[in-house]
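Written out below as structure tokens is the structure these notes cover.
In order of appearance the chains are A, B, C, D, E and F, and numbering begins at 1 in each one.
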């Protein structure tokens, strides 16, 4: 496999991310927020910090982090009905919300969070592939901001180590036999295998979700995809840090 | 009543709008779109143009325009539950969606639209009072863009007069006995009387919705509020036109 | 415009109400009740008085008044599906329930009500236009009965001024250019402009909701409609008082 | 058991119905309607006749009769939540709706009805025991009216034998060991055994639903209850006929 | 009527049950359980014993027994949609769940049960007629097991008389004029009259639910059906006892 | 790491499956069915074959395979509420249903299936860990039976290659640092990393879903888990084939 000979629609190399842009504090009302863009994919991530925990956690001295993902009806090329109008949440939405929640909880020490809850809302304003990975990557920034806010407000002690690390995520896939990083919609629909990988700032796996959309994949293909994903999440970690230091 | 002596939190005169900003084409996927800002209130309006009409209109040679309004859970100062999660749409959401739809239909000639449907989605990204009036004002821009798009795509003839005029909306209210234009949240909660007025580009009323939140209001107060509203919608009409000509 | 030359389907003058009939105490089980008729429109209004308030009001020493409006499936000329069967409440129902609640709260001193709740149920048994205005007018009678009941039961002190006034409502509209009072269904569907006006017993406005169904309306038309509405609500106030004194 | 020595709260003999009143044509909008009263129990029954049948019956040349039962929230001594607000229909409502539907279909020849549908809506305006039996008895009158209407409108031929008989229903129960006819609420809650019996005009059983609320019942008790029920339905048949002939 | 001359599809006599099989303790996780088979009908009944009672019963020193019935989507010859997917429970399911709950409560002394709740889940794994009667008969075995379990766990005292007797149920019906016991699906759909009878171990009636599916039935037919039902439930009682003693 | 020294609760080696049992044709009503047991986990899988496809697939000459997963309320150690009663499907149920559907579609040639639909219902009768992997493994057997049935019924030609292979699934996890195969509930809750792997009969991956429940995992751990999973699915493939040949 010679990556240099492959031409992608947008001219990127196979191991290159789309342009990534994170705008901190996009929302004035939330304790933490980030508008994240992976190319044309735009996700608004807000973190809502509230004192107290759900009933089933009360009195255990630990906090809770959860997430809700949703898409605006016209984030996509054709309009889809609102889930509020349909009166129920679809399987895809449920699945992604749960993935985001698990991913963020992986780098939270809920004991150090105290009996507080952080809800991460990830709303896709415009979709062009990779919305769930952008959501995880942006939600981390909003989460870090909210914890900073809680320290400034003296709800958490300055030395609380609520965050045990950072987390980001990226999609990888095999298209016409070639493994590629960060798929836009046009590539995503053609991928034989599609994988979303969630990785900590120090390069360990939080989630690996690989799916054969067309033909099943073998061990070598799996390994190439994981290699690519680690390239991407390393770069995303760098951008997250840069954003949070700004 | 001498309006010049009243001090508003943000230093505006009583008959002055907040800064209004309309960004056309904010969404690349929709046939028409506008991000509209009334001060800190931000609403993303998209227009989805689809051929065909709902079943109950089929075969009558007329089109349909409808609207859906919603708020992101953390658009506001404290997070509210998603209506999709609750499994039902609240009364306030229903009421505003219907108001937006009626307002836009007032300046549409559904015959000239042919058997086509335009759905206006107005999603509040950040809320600071006046979200329904911002939504109507921005939805008009998105609607005009979508009709332009349909003409360019030759779905509508170039000379189709689908739009019979323009429409904008503003809130007015009485605070401590003083009528004021374009209330942010902090004024809105204190208003004794609250009115939303929808006006065409040539200054006629489409909707007048006045509510006594505290004491009932008399005919003079009603008249002062209508006067202010006409000042505001005249300015909004100017900004809409400027935006569409850009 | 000479109103006297206009012929209405039922022979009324343009500023004349349909026959209004209010039957107090129609329901033996409720603390207050009234069957109200505006011509063929029949609405059963009951007031349920219960001690205690919703959770969000607890401990503030104030009461709560709220309303629910609904239509029997065959109140209308063609049967509509039950909202209970559809599993959700429609926008129109929500909108009217909220309007009735706001209208009644406008003449209630919730402090004087103590921590008690009154729910007003307005069920349309037969519909012929003006159901929401009949509901408000009848709900006032049921509300007044329920407060009387609470005083007799010594739940409220005899001198509690829970009611700060009375309230009634009427529809007005412009048909073929002529403003008319109290529209039955046959006129309602033809109206270019439709307005519902809620007025206190001393002639002040609680709600003004005007909608251009066809062409937008100007200031003069608005004023004519308000004049007519005040004629109608003055008469309704008289009938309400007469009923409550009987 | 000597029935004459038992004193009922309202002074009736054990085999005596409460005062039964049926008002034909109470609703002007429906094809058939009856307001039926069993003492303080009041049920509004409407019959909606529409051409066509549900999809699963199409093309078979037979009609359909179905029923929906509901209670106004304040029909009872304490207010219950609306099923439309709860977003689902309760088991009791479902059960009674199905019972009414089956009971009416027992005296309908769906072939003779042609491909037409009649929906019977039975809404309890005031409840004092026996609402389901009043609903069945009243629904028969509304149904008969609707079929008469269809013949007058020439939708059904004059000689169509869509009705194969009449049907009525009554509750019976055992209280302190004594079988009694037509239980009001105060007796119903004390009954050891409660039975609802649906009977045709010629005295045959359509439904027998007996339930031991307290101790199980034996064959003799069952027989006494059936005897009483037949006394009651015979009288109801007489009243139905009288009403329909008026 | 000479029963011996009638030939049933499966060769049984008209007063003969299908093969009945009860497997105790089929579920390892529940406090009580039974897989019951009436011929090809298979229902898994589990009893869940939990300390505490629903809020409306708290502090009264009495327990609660309730039941939920459901069918797997492919229990039947053609697949039906899941009620969880449809988002609501159908009338038939509601009706049967309520019947099972009432039937079991008829032989429970809720005082002797203490403030404990037993939920009986009856899930039809395969349906061939008589699922509700099999459910009641099997649920009794699961219930008896759960009470035994509670005594062994010392949650109930050894001498608590929570069970006041036993209960079983069977269907009977008239097919081609002949009363028959325990109808499989093929007979059930042809029955003119269908009756479900719930009987205690000492032969008294808990529920009698007879429905004319075709022609109404007379007193003699009712009596024949009750006779047959008592033959069937006597045999079921014997099998229940045998199972519980094993 | 020496696997032989680790003691599992049930005495198994770390690379050993629990006892697997597949009962073909457990349901008489479905076109294909299997009751599958992984130790105490029991899942009833049925395949419903129907002619025709969902609307969005019509006219494309391809078939459809989909799956629905659910748990009986008392499959688990403590009872959970029915999703039908709650009126909505939870995220976990959605997620697993989608996983099963994707897994089975991976070995189906939808063109060869013609315009036919197969619905796989996987209902967990008893849960002890690994329910989703048992469901996939059992659903394959039911699916194969249904396709065989369709050939016997001449709905599919005898030589149709609708199945392109076989598929099975197993869970693996790291407990106290040791990778283990096929986790029962007691191990599952203690696992630091949990992975579900879906593999074709010829050893290729269909899905790899690894989740760090505690600490993130590294590449070596990922590799050990995949090795174990392939051991397990190889054995499951053998058992599936044996079952289908019987």
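Here, a contact is a pair of C-beta atoms (placed from the backbone, for glycine too) under 8 Å apart; a residue touches a chain by one contact, two chains touch by 3 or more.
Only a predicted model underlies this, so the values are computations on that prediction, with no experimental measurement involved.
Number of steps on the shortest path from subunit D to subunit F, with steps defined by chain touch: 2. Any chain that touches subunit A and also touches subunit E is listed here: F.
Least step count on the touch graph, subunit B to subunit C: 1. The rotation relating subunit C to subunit D, fitted on Cα atoms, comes to 180°, given as a multiple of 5. At the interface between subunit E and subunit F, over half of the residue numbers involved are used by both copies, so each side presents largely the same positions.
With chains reduced to the mean position of their C-alpha atoms, the one farthest from subunit B is E.
One of A-F, C-D or E-F repeats the interface of B-C: more than half of the contact pairs, counted by residue number, are shared by A-F.
Centroid distances built from C-alpha atoms place D farthest away from subunit A.
Subunit C and subunit E, compared by their mean Cα positions, are separated by 51 Å. In this assembly, the C-alpha centroid of subunit D lies 28 Å from the C-alpha centroid of subunit E. With centres taken as mean Cα positions, subunit B sits 33 Å from subunit A.
Residue positions of subunit F with contacts to 2 or more other chains are 87-89.
Taken as a contact graph, with one node per protein chain and an edge wherever two chains touch, the assembly forms a single closed ring in which every chain touches exactly two others.
Residues of subunit A that touch subunit B in their complex: 27-30, 33, 40, 44, 46, 48, 50, 68, 70, 72-79, 82-89, 93, 119, 121, 123, 125-127.
On subunit A, the positions that touch subunit F within their shared complex are 88-92, 94-95, 97-98, 102, 106, 195, 200, 204-212, 215-219, 222, 226.
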